[in-house]
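Sharing a structure below in structure tokens format, with a few things to ask.
Think of it as A, B and C in the order they're written, each chain with its own count starting at 1.
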Amino acid sequence: MFSEVFAMSYDVAVIGAGVIGAMTARLLSSYRLKTVLVEKTNDVAMGASKANSAIVHAGFDAMPGTMKAKLNVQGCAMMPTVCKELSVPYKNNGSLVVAFSDEEMSTIHELYERGQKNGVPQLSVIDRETLRALEPNISPEAKGALLAKSAGIVCPYELTIAATENAVSNGVDFRRNAGVTSIEDKDGVFTLKTTDGDIQAKYIIDAAGCHSDDIARMLGDDSVSLVVRAGEYYVLDRSVGDTVSHTIFQCPTAMGKGILVTPTVDGNLLIGPTAKDIPEKDNVATTAQGLETVRTLAMKSVPCVSVRSAITSFTGLRAHPTTDDFIIGASKVNNRLILAAGIESPGLSSAPAAAVAIVNALFEAMGGEADKNPVYNPIREEPVRFRHLSDEERAALIAKNPAYGRIICRCETITEGEIIDAIHAPAGARDVDGIKRRTRAGMGRCQGGFCGSKVVEILARELKKPENEITKFGGHSNILFDKTK
Amino acid sequence: MIKYDLAVVGGGPAGMAAALEAHKCGVNKIIILERAETLGGILEQCIHTGFGLHYFGEELSGPEYADRFIEQLKDTNIDVKTDTMVLDISQSNVVTAVNKTDGLLQIDATAVVLAMGCRERPRGALSIAGTRASGIMTAGTAQKYVNIDGYMPGKEIVILGSGDIGLIMARRMTLEGAHVKMVCELMPYSGGLTRNIVQCLDDFGIPLKLSTTVIETHGKERLEGVTIAKVDAHNQPIKGTEEYVPCDTLMLSVGLIPENELTKGIGIAMDPVTNGAVVTEMRETDHPGVFACGNVLQVHDLVDYVTMEAQIAGRGAAAYIQDKAAFENAEYISTTPGNGVRYIVPQKMNIHSREDIKLYFRVSAVYKNAKVVLEADGKVISSKKKVKLAPGEMENVTVPADVIASLAKDSTVCVRVEE
Amino acid sequence: MKKNLTCVACPLGCSITVELDDGGNILSVTGNTCKRGDAYARTEMTNPTRSLTSTVKVSGGAHPVVPVKSAAPVPKSMLFDCMKEINQVTLQAPVKIGQVVIQNILGTGVDIVTTNGC
């Protein structure tokens, strides 16, 4: 009885299930704390964490002494281990910042110096010939480059999904479709009024991305000042995925790191982003102009890049802090509110280290470290990835569960078994895009043309809902109307 | 490993006809591998009529057309495996497939017929700006929802692309109670059959807007509208012609792409225009014993032509199985698309062929009162007057056997349009 | 008076010209490549008809609907009325191809038949 009445009461509520919220919730699950991860949409990784450059930066961009610099270098070093624990594909492919003029060469040298100060390992300035040898498709106009061997690539939403799964397996509650509308603070307990009922917690971690300023303001803290910066990208087909092997940056400007060309861990080629400050917080529309910019500027680095092989385009939003540094620490207005705001690029790279910094700030506010969770298991088993198995493994798997013998997505070779697993995983998929991010079904050349209807059917069956209640990404993004007759 | 004379990949109209024809030619051990739950391929969802006029001399619906072949298959010993996906074809024609009951299947085939069909070009390939709302789908996906699953995928609809599937869906959705606001076509002409414009659009007062495209989608969750604009001669949107059209659904019928992942996996030479394999008049690819037919080879406008092409491939595969040596002695010349001709299938023809060879082709623009000219070694073999030629409609011309007999290794055969 | 039509009898889509006198009587039909075209042009001028295809509900089948067609063309003006009738029907699985679903729909003399099994 007692536990039921207080079932909604937690030690810590993490608001926002992006990569920062998820990694923080995972770290909290290694302590004896009742933690809830509160998300306003139908899934994790629905903001900046599903739409960014998917890069693990080496850490030479940020100014020495900033939180960005420190956490990026630390996060980059932690990433391989974290990805291994969470069975998330990570590749240490290295990055190149390419210079096209003598002026840009001096920027490269500046970045090198900055990198040294920030403690970035394995940095070097290379000449044109070495660059051409490393990347034969690079523009002949290139003068030289900064090579950062510690940089890598990772799938940001896979990392977020895996971290959330692992957190939930270790006891964290995940609440989706729970948008926080107001927060009350009474007798040392916050009450979060959400679109899915009240949630009580002693401490709040504000990892609400572009909305972290709104959350802080609910508790009277208006110190968080953000500008939403939109970046547009193209994803190109796997057939051109090996155009470059490193992540190719252009020289940075005040608005960001320029247009990059990079392979992804899934074998596609990603080009983008633009950088444009926008007034509307959730506007992820692409624009003709933005896409045009991406097309033209990507060709400056790698002339053979052509959007003829584009399979999709998207816009990602970055919560740019006007202070130009991450905002991590207890709020000056209410010290039980821990801010984790303004975590723009290199936020993904910094995420493992940022989670540590956030949890340390929480412990400071609590007045000491919490007890360790004795049954915490940092390992998230790798889901079945049929396409990566040998013929023998495939045969054995189907013999055990025939659902792995039915291919649903033909472009990416995704089986029904994998889709069912994604639905029933901790904090599992509830919509078509959720299936896509977890399994890659619909991520290929036909973009769900063939498998979309089958995915809807499987979701409806497994979730015991009619097909017309299945959405693309929650809310009113339903795919079907009524029955025809 | 199971041994078969012929493995047919795909159980749509092409695969079924190829298998039946090979069987008729005396091939004994044949297997059809189909990824869907039933045979028939895309015909199963094409419930409109208009199929079979050339081949059966009557007007059938898609499922009825498919059923004719499914029934014929029942009278043979051809093995059929549905819900079975081919994952790989090796250099030695070993076909690896997977399904729920057999698990992993390995079929050692003497010959293989590729008949995987085609898929629709998705939105991503078009670079339409705007939101990623739900309600943006290919016409074929919508067709499956409404005809097979029995659900309305939209109520206020804009269709981009006037290919036949788009036109057919305009009528289909209208009959089911939806409001189809318009069909936009980037080109100055429709990509579909004229009769479909008449009976699918004109009959219902649905406007066809030529030289018009969708430049932006609106709506955060479900689609709320699209912006359309006129395009110039370079297909670029013209400033000032933008118009907002409220709608909950955007259906795309903007082209079909042969599904040649398996073909490319074997390393078979491809034709960059058809996006299909380069084939001989037998429909053999450059990989010995591997044949291709139907929409995986070239996108057809009529299923009747698919059937006929598949029968050629079926006969070819049978000939290969029965007498490989004859194939080794073949000498090929290329067929050349001339003025106004986009491509020709077959791309290669054996100068030792003793039979007439039909060359199938598509023109690159709309022509009125033009001539289709067939030339061999610069000499006009035939010249046929055509009232109308359109890129949406496949044409053919026959190279007679006596002309082929006169060809040498360095001969040229060309088809061109003369205005 | 001359009227231009595109024949919908088959995918060829012939351009047909119908010549009419002042009373609307057909004087000539030209441009068609077959007899079906001639017949199409004449009905199109007097009582245009169309083939109708749709689906009907099925209970207990592999799919919730099964495709149907009008066994012969029905008057164009009655397409939507026919749809209303078709939408009322529910079949019980198993359904066979060619099964009559509605006999003589709306007195047109045309049957609605299934075009697939379910």
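Here is the rule we use: a residue touches a chain if its C-beta (ideal position, glycine included) is under 8 Å from a C-beta of that chain, and two chains touch if they have at least 3 such contacts.
Note that the coordinates shown come from a computational prediction; the quantities given were computed from them, not determined experimentally.
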Field: Contact distance in steps, from subunit B to subunit C
entry: 1
Message: A-C versus A-B: which interface comes out with more C-beta contact pairs?
response: A-B
Message: What's the farthest chain from subunit A if centres are computed as the mean of the Cα atoms?
response: C
Field: For subunit B paired with subunit C, centre-to-centre distance based on mean C-alpha positions, whole Å
entry: 26
Between subunit C and subunit A, distance of the C-alpha-averaged centres to the nearest whole Å: 54
Query: How many angstrom between the C-alpha centroids of subunit B and subunit A?
result: 39
Message: Quick check: what residues of subunit A touch more than one other chain, meaning two or more?
response: 483-485
- prompt: Which residues of subunit B are in contact with two or more other chains?
  reply: 146, 148-150, 176
Message: Going by the contact rule already set, what residues in subunit C reach two or more other chains?
response: 55, 57, 64-65
Message: With touch defined as at the start, can you tell me which subunit C residues reach subunit B in the complex?
response: 5-13, 15, 50-55, 57, 62-65, 67, 69, 76, 79-80, 83, 97, 115-116
Message: Help me check something: in the complex, which residues belonging to subunit B touch subunit A?
response: 35, 83, 85, 87, 96, 98-104, 119-120, 122-125, 127, 129-135, 137-138, 140-141, 144-146, 148-155, 176, 215-218, 220-222, 237, 257, 259, 261
- prompt: For subunit A, which residues are in contact with subunit B within the complex?
  reply: 234-235, 282, 284-288, 290-291, 307, 310-314, 391, 394-395, 398-399, 402-403, 405-407, 410-411, 413, 445-450, 452-453, 457, 467-468, 471-473, 475-485
Message: Going by the contact rule set out above, which residues of subunit B touch subunit C in the complex?
response: 37, 44, 47-50, 53, 59-64, 67, 146-150, 175-177, 193-195, 197-199, 203, 301-302, 387-388
Message: Which stretch or stretches of subunit A touch subunit C in the complex?
response: 483-485
